[in-house]
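Worksheet for the structure shown next.
Order of writing sets the chain letters: A, B, C and D. Residues in each chain are counted from 1.
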């Protein structure tokens, strides 16, 4: 059984957002929605500083909280582990957006929810997702977690430390952050002013 | 310092029309409950109650339709073609439709009354409980804690009882004060639960306090007030109605916030 | 210039021209770049007469046009619809008005609609196929060949949203005294004509 | 005019001439207008058939090879492709977002001529046909030539087509005043320093042997923020391999975040740091003696020259502890020759930049890495003959990212360029061609061609440039977007974007030199033409047709490719033809040839030519001007999603990074009462005020400087998305320090005050500006 997963080596990522723009162009994501975004957080004081360049997107969780809450059943998990939406059944009720601990789902202006689906159309052609293929620092690995020789399995095995976002939510994310630069793992989300509700 | 390229969808996903929906669904659920009791007890006014229930349900569904970005896609039909019992909104949709159908027959005054009563038991309980459930199921948003499953039905009943008092329904006067005080009590319990809960809950409490704490307390005060307003029934009805709506709206609006703290 | 269309079996155009045909004709003439054909119409007063005729047919008061000043007209046209240092007041593309992107779904839909109606664009036309003047002219041809319904449909579904979105910004930004009032007038006329089957 | 029109509306028919009636119509059913909840979603672009065309990207000078994916007659996606040595299948954010510009409604659409009687800068234009516009230009150019001579027309160019407008056409027309901002405002000093040290230039793409090096020292090099695709890939791979990284930068840049050592060096003192490293390498005999013996000249004089530059001396100046300086020098030596200090790209900082770059080269020479694995490799462009055409009357003189220029021959009938004599180097300096427009010294410039050069966002002293433009008889702008400077032109010629045109072969000097082709993916939209067509048509109108003998670009490219046994179709299928390079000394010594081009045939540590010209033969430290109290030095740099000032109307890229922020050190911000996210003004000592710009209060910068990303703050509301967002660093550069050797304009001697509580401009989110879609 295939179990797709992705890993991002934070020691190599420079937060340039080539992945984010490639995703937007590949999937016609409307301006204002993002399936993938970059959060560069600085920790420490001059001159002892650490910057964590961190791309964020849907983690295609092992037990995704967004799937059970969907009233029309249009959120589903494919047999190879991809959390996807059948947009033509979506009633834009926002239940899945509420349930996602990672803000990875957004409302398409045409009235349905849109999210990362690991570029399924590319996987079907045997290609890598757009973000993995274009990454100029080669920090992204993608593949089948059940296959020990897949790129992602190897990357996770060889990493010094492996972290996931909000582990306490119990969602079992399948996007693994490797070699987080700051000593205490992934920087907590510092809700800065830009993020005050509405200051989008 | 945090640099962003692109942004997560961390803006609020339910906008001001949702607050009207939460108010109307409370009334609709409450009214269905009243109709259920009236039907089982063969209360003389059961037909008018049924009519009002249907009216409120239609009003609520219309608000939902207006608020939905998919309003011109008419995809809401899929609500009734899917079987997803783990989805509070699905439960609510079926609850409201069941109440609607049952109320219709009660209004027609035909067919087995006990059956419509039973349907109304299911419909009204689902309709009453689903708003709270729809919020608390999101464990990632600490401000929507589990206790809302109790707080929202209770405040729902407060508003419908207040409405009944305004229309001079005899039975209403007796229930308004206990329901309001119960709601206020659960409200305090809710705040206390957040303030003393896990670190994330406390972070949620701080955020709730800084963005609407005082107003929340005013809401609770309004819910306690009926105990002292027995002599003025009009106020005894309006004050808890406003209090309940303020408390619910604050929780819905501010609760959409989540923290990535870990 | 205008397509030469003389197939033998062309049926004579509808006898009584209704407002849609005249309106589309005026739109096409207005938003084409102000070269000799438009300037001749203005100087000869034919344009003003057409406006009066339209006004009578729909009851919307016709605007008074300023004296004909070719350079002011051309400068204002470029500033509003071609290239402006201040950012285009009204990109003259029907697809853009609805999708917010060029050659988007709406532009493709217009293309399909016109192809189904047997209308294409001239090969020496050097702008996008969903330019407001080009689509309006297609509407004129539709109206003249027993397809007034299609012309009105085109006016309501595609031309009107462009005006809904941009009429006010053209009125604000226009410096020539020609495009602003004229666009406002045409917008009102369109609302009048399409009230029958408002989309 | 066969249209039969009814009498009642005798309009001259639709004067558009757009619509043709072809066949019969089918009724439009109403049914499909009611939304059907059961209908599947409309197909996406990748569901249909997708055609792929090879090209190379134009959204920066790196020119990565791309596969352009076209579906339904519209470009949907560009991706790198594996066989191209530049992209290797990957692209940066700007390359990915570039197609959005082709579909920008604000794009220039057709030739425009400024309305007679209006002032430059009013922005009043009327449409014109290509013939009319080119005739207008030719007529004015002949008038200028008759009155002031051909040299009186200046040609500025940047981008793939700058060969035509900043080299070929000026050479045919007879004007030495052709310049590219990529020389005197960017790479000039490093090229001149390299010419006078190694006798050859640095290639357009900094030939650093990343794959072999183990120790990297970056000085003011912003890898990761200036996403030069291949360089970023090599940098990431080197770090993954375990290479050590040291970054000297007043700001904790992205590269510094990846470094083992961050040296927060005081701005303007990098040369002192380099001299101290030379001191340690020489005095502790850590240098590569054999390499120095075999390849260099004048080392013994360097030994004596660097004696006073002790780490303690440098510590005073740079504020980097002496033992750190000593430790890093030793670590470099330990890893030599696979230790390298890469030269950076934009090097016009303080006016002493040629000497600083020579100092940087000399440290590399002492480590013995120049021409060796792990250091700098040698690379040349692949040789492809030019299209057979008569020799140009004047050799092109604008230079480019890659090399310096040849002098105007002594016996040439044309006068020297107006900036000849202002500095020692032979390249032309674009900013020195502005004064003659006003002063007429040494002779007046009366005509200007600006091809893809943002005059108000690259050349300092913007107000002075605006005054100069007003004196011209003819100013022609050839561009893609109605930038602010474009709307000052007399004639605006809209160029087709890179997805819609052929361009000349990309002959890329690289470790494996290669040839890449650009093939049009779609028809040119609107009434736009490719640069080569404009140059050829204008050439013919100017009577220079003999220099443009090719019929069209396909004939031109095919003829050139045949000289190396290939042809246009083969390149169209492959996209890139890769050659074998000769990267190291060993590759030359095998045929006992010497890659060094200095007169002595050696690496000139001591430069006789500099000594003769009165410059320091070996690099010295000249202190730079310090900001007055209460002012900060204005530093600038790159955003990974923007290129210069040209991507600021690109909706996708602006949605990623919509306005620049000024970095202010936390302590300074507290003193100024500025909180993170507040808006402030930046005011320089000439009184120019920029902003409001958002303040980013951060620990990532020294206390004596502030930093903003270049390219924002577009003034007169340029384009809907770009207008008024952020602050422009160029506008704040009211002065520059001319480098007497290379002609580079040092831009980092400008100081600004931070004025708190500016009003919040509340910029609407990009998505609202793009289309006011119905509110969610």
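In the analysis below, a contact is a pair of C-beta atoms (placed from the backbone, for glycine too) under 8 Å apart; a residue touches a chain by one contact, two chains touch by 3 or more.
Keep in mind it's a predicted model, so treat the numbers as computed, not measured.
When the interfaces A-D and B-D are ranked by C-beta pairs in contact, the top one is A-D. With centres taken as mean Cα positions, subunit C sits 52 Å from subunit B. Separating the CA-averaged centres of subunit A and subunit D is a span of 33 Å.
Once the centre of each chain is set as its mean CA position, subunit A and subunit C turn out to be 47 Å apart. In terms of their C-alpha centroids, the spacing between subunit B and subunit D amounts to 60 Å. Counting partner chains per residue, subunit B shows two or more touched chains at residues 1, 3, 5-6, 69, 72-73, 75-76, 78. Chain contacts: subunit C has residues 100 touching two or more partner chains.
Annotation for subunit A: residues touching 2 or more other chains are 15-17, 20, 24, 31, 34, 42, 88, 107, 109, 192, 194, 200. The complete set of chain-chain contacts reads A-B, A-D, B-D, C-D.
For subunit C in complex with subunit D, the residues that touch the partner chain are 1-6, 13, 17, 22, 25-26, 28-29, 32-33, 35-38, 40-41, 46-47, 50, 53, 71, 74-75, 77-79, 82-88, 91, 93, 96, 99-103, 105, 108, 113-114, 116-122, 124-128, 131, 133-134, 136-138, 140-142, 145, 147, 149-150, 153, 165, 199.
Residues of subunit D that touch subunit C in their complex: 1-4, 6, 8-28, 33, 42, 72-74, 103-110, 112, 115-118, 123-127, 482, 484, 486-487, 492, 494, 525-527, 716-720, 723, 770-773. By the touch rule above, subunit A contacts subunit B in their complex via residues 15-17, 20, 24, 33-34, 36-42, 56, 65, 68-74, 88-95, 97-107, 109-112, 165-169, 186, 188-192, 194-195, 197-198, 200. Within the complex formed with subunit B, the subunit D residues making contact are 35, 37, 93, 640-641, 655-657, 676, 696-700, 776.
Listing the residues of subunit B that touch subunit A in their complex gives 1-14, 68-73, 75-76, 78-79, 81-84, 86-90, 93, 134-135, 137-141, 200, 256-262.
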